[in-house]
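Here chain A shows up in two complexes: once beside chain B, once beside chain C.
Moving on to the complex of A and B:
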């Protein structure tokens, strides 16, 4: 069965297997500090993937997605810290809050595109931030909401890591199904030209709302994971920079891929937290990193690596001989 | 099936088409010829529901439906397939993805278009199915644009200068495939500057003059014989 997959496919499969094995073994290898960072990177990576579904696949760059994930996080936080509700209610309200925010954002933004879409989503994110400061009774304003315990069974750092890892892998798989479906192809068409999609019979306005809701679902999941990870939520979770960092992670890793945003999130989280121990001016270093990536690897690190891989493939194959694709039909059939 | 009656179109305040009359019958191939700037592409855009141009008056009817008030995606769903000028395939998508983009629930009749049927029709595209559309030659892109329009299962195929920028031998290939498309169930409105292509494909030819008005209409043979019309309106 494995032999029916192309070499590139087998390499990808190999990376996925190694990644999952590493993910399972991580708590036995790394200390608490590193596991905490990995958990944070996984949550950030899922958030960046939700942004990339809009920005990288559908060509709709958003600068307000922290408004969606943040609303979900505030929903959980309010139910936990203010209402004193149980975990099912916390998660249900958080999920509902995030999806309602995504629906409102989506309806507002679906008629725009390009720069206007960026501006509309930017404003939406700022509105959530403004509300998080003003609605003191719900959000605790600048103090935020503290004392949000994790659900039973995942209280310990490594337990919560495993939960996060499982949820992120599951979401990644779901995103993979979305982007490889005909709907995913239609998103790429939308990215290239909305006019062309309309003349082919697509109601692109509705299509944009659907993709915003799907993206909002994953942003909501990441928001809920984040609030239980940190145990508190404050307006700094929904500031513009929180939305922008997701976009930057996607660009750094490779926009228009699912693995790119995750890699970008790991790089940024580790640069922020590890390098800042040794270098006081880590934002400068991050800035320099971005300039280098944008100048020399337009499609991010994943784009650069896949270009290099394809060049290597071409160089190592004699003309006329294609990539070794052995179809299963060539194999003798089993008993 | 398609009937354009007294159509008036403007870009902003500039009038482009002032009173266009044109009919396309069931299964008929009508070719609209005319010099640059007469309003041929404006007519195509108006039929396809693309804005601009603004439609200021008149009607465009597809059977019973008035297309003027509809959005372009609604026009497409009624069965108008557009092959736009300059092809405009999705360059960052592979050939097969360009066709799969239209993967909607198929109509129930047996001869609705599928990806494999398009590949049977254009074997050249079949060989290139995993390539990015931006890497195709102009003729292959034109085939892909036609195949993509067919995937919408059109009753009327609107083609805006399919021969533009193609080598004569490639135009010949396109001509052959279009000839085999002709038949019951598919009407074609072919907007062209290439007289030869129009003469060999069309059942009827309409010549568009200034302000988008049809100044001559008749059979391909009659046009070929009419040197005066060819000289004054087509410049050949």
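Moving on to the complex of A and C:
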């Protein structure tokens, strides 16, 4: 059976098996602190993957996705901390809140593209942040909502880790199905040239709304996972920096791939935790990382590795064509 | 739509969209009439909520805030119109400009010197940004946007390190302190001064754009960069000049706005949100659009804050959503 898969496929399969085995073994190897960080990175990675589905696959970079995941988290937080509802109601309301936000944002943004899309989503994310600060009765303003217990059965850190791991692996699989489907391929067409796709008869406006909703679904899941992980939610979860970090993780790891955002999230989460022991100026470092990555490493870690791998595979042949991600200039600049 | 596409699509297909839309909404006059009636009803409703004096004061509040936004949005829109660069660091330029203004006022006590020094220093910052950071990725629209957002994080965090996190107002010159009594209607002098500044600078900008050689180069550059370059005009110098001028206005806005809006960390993103709302509503790339946008956004914000303080910020959301769905290019955006 293995023979029928290409060498690259077999290597990928190998990494997946090792990754899942490591994931299952992790609580036996690492202590509570590290497992906490890994859980955080998994949740962040899922969030970055949802951004990458829009940005890397469909070419619609968003700087407001924390508005979607944050709305879901606030939905859970409100039901838990203010309404005192049970867990099914908390999760249902959180899920609904996230999806409604994704629907409204998607309808607003679906007629724009390129840099307009970035501007519109940035404004959306900022408005959610503004609401989180001022709608005191629902969001608790600057203090946020505290005392959100985890559902029974996953209260302990390692139990919650396994839940997160399972959900993330499941979502990863679902994302894999989406991006490898004909719809996923049509998204790449949207990224390369929306005008051409429209001329081919695609309803690009509808495509954009669908992909926004699908991406919003995964962002919502990550938001719900995050609020139970932390046990609280505050405006700092929905600030622009939260959305921007997701984008940074996706680009750093390798935009246009599913493994890239996850790797990026692990790097950022661990770097942030190590660095903040020594320096207080994390935002500066993050901004500098943004600038450096955008200037010198737009294809990210996975991009660089796959370039090297392909060169090694084709070392006796002519160089292959690199997929243009974040590098094509022929995008329509307007809606 | 890119310039290349325009020549491919026959003109008829570009107009079908418009005719279809006017068919749905009836004639253009009906739309205008409806908007005017709706606006009149809104004003009537607001007047039932507050006295006529308070109403006038709110209008002036909105216009003075809009005036600050005008300095920001006009530069932002100029940079975008010419170079297709979405400079999200504009908010950061504003904040740093304001803080430099504070230092200069504290050192010399001269408010107008502070305006000049800030504007010039931010102009130089703009020069460095354009030449060093943006030049290597010229034409790659999305990386350009992401780089400027990274730069904003650095600028914001560095200002926090240098000037601290306490909200600080810039001391105003004595003759602008206090209120002016206009036949029983009392209003702060400084805000009237800000409105007057915006009117004068706006008039100069319109004059320069329409009547001078510089304006002609800019207008030509907005329409067709390649032809302008082919005519022997150094388009790169025009780009750099425009970027520096936009930064100059942002630094100026930081001082003039910092004197009544107080400077605090995070305000870079707040003013950026308002500037984006202005260009989304008014239309990107046109000075007229920016002028119309700042009046609308300023008034919405001031009445929103007065009538429904909990939802200030959110009041921008509805008009933005409506405009984005009906006219994705903004009210006066170029088709």
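One rule holds in what follows: the second predicted complex is superposed on the first by the 294 of 335 C-alpha atoms of A that agree within 3 Å, B and C clash if a C-alpha of one lies under 4 Å from a C-alpha of the other, contacts with A are read in each partner's own complex, and residues count from 1 in each chain.
Note that a contact is a pair of C-beta atoms (placed from the backbone, for glycine too) under 8 Å apart; a residue touches a chain by one contact, two chains touch by 3 or more.
Source: prediction; values computed, not measured.
Chemist: In the overlay, work out which of chain B or chain C sits against more residues of chain A.
Modeler: C
Chemist: So, A:288: does it touch chain B (first), chain C (second), both, or neither?
Modeler: Touch status of A:288: second partner only.
Chemist: Would you sort A:163 into first (chain B), second (chain C), both or neither based on which partner it touches?
Modeler: Neither partner.
Chemist: For A:265, select first, second, both or neither according to whether it touches chain B, chain C, the two together, or no partner.
Modeler: Once the two structures are laid over each other on A, A:265 reaches no partner at all.
Chemist: Check whether A:227 is in contact with chain B, with chain C, with both or with neither, and answer first, second, both or neither.
Modeler: After superposing on A, A:227 lies clear of both chain B and chain C.
Chemist: After lining up the shared chain so the two structures overlap, which partner does A:202 touch, if you call chain B first and chain C second: first, second, both or neither?
Modeler: first
Chemist: Quick check on my understanding: which residues of chain A belong to both its chain B contact set and its chain C contact set?
Modeler: After superposing on chain A, chain A residues 195 contact both chain B and chain C.
Chemist: State the interface residues of chain B toward chain A in the complex, per the touch definition above.
Modeler: Checking each residue of chain B against chain A gives 48-50, 71-73, 75-77, 82, 84, 88, 90-93, 97, 100-104, 148-149, 151-152.
Chemist: Quick one: in the complex, what on chain C touches chain A?
Modeler: 1-2, 4-5, 84, 86, 88, 133, 136-137, 139-143, 145-147, 149-158, 161, 269-270, 272-273, 276-277, 279-280, 284, 309-314, 316-317, 320-321, 324-325, 328-329
Chemist: Can you tell me which positions in chain A touch chain B when the two form their complex?
Modeler: Within the complex, chain A contacts chain B at residues 182, 185-186, 188-189, 191-193, 195-204.
Chemist: For the complex, give me every residue of chain A touching chain C.
Modeler: Against chain C, chain A makes touches at 61, 63, 104, 107-109, 111-112, 114-116, 118-120, 122-124, 126-127, 130-131, 134-136, 195, 239-241, 244, 247-248, 251, 281-284, 286-291, 294-295, 298, 326-327, 329-335.
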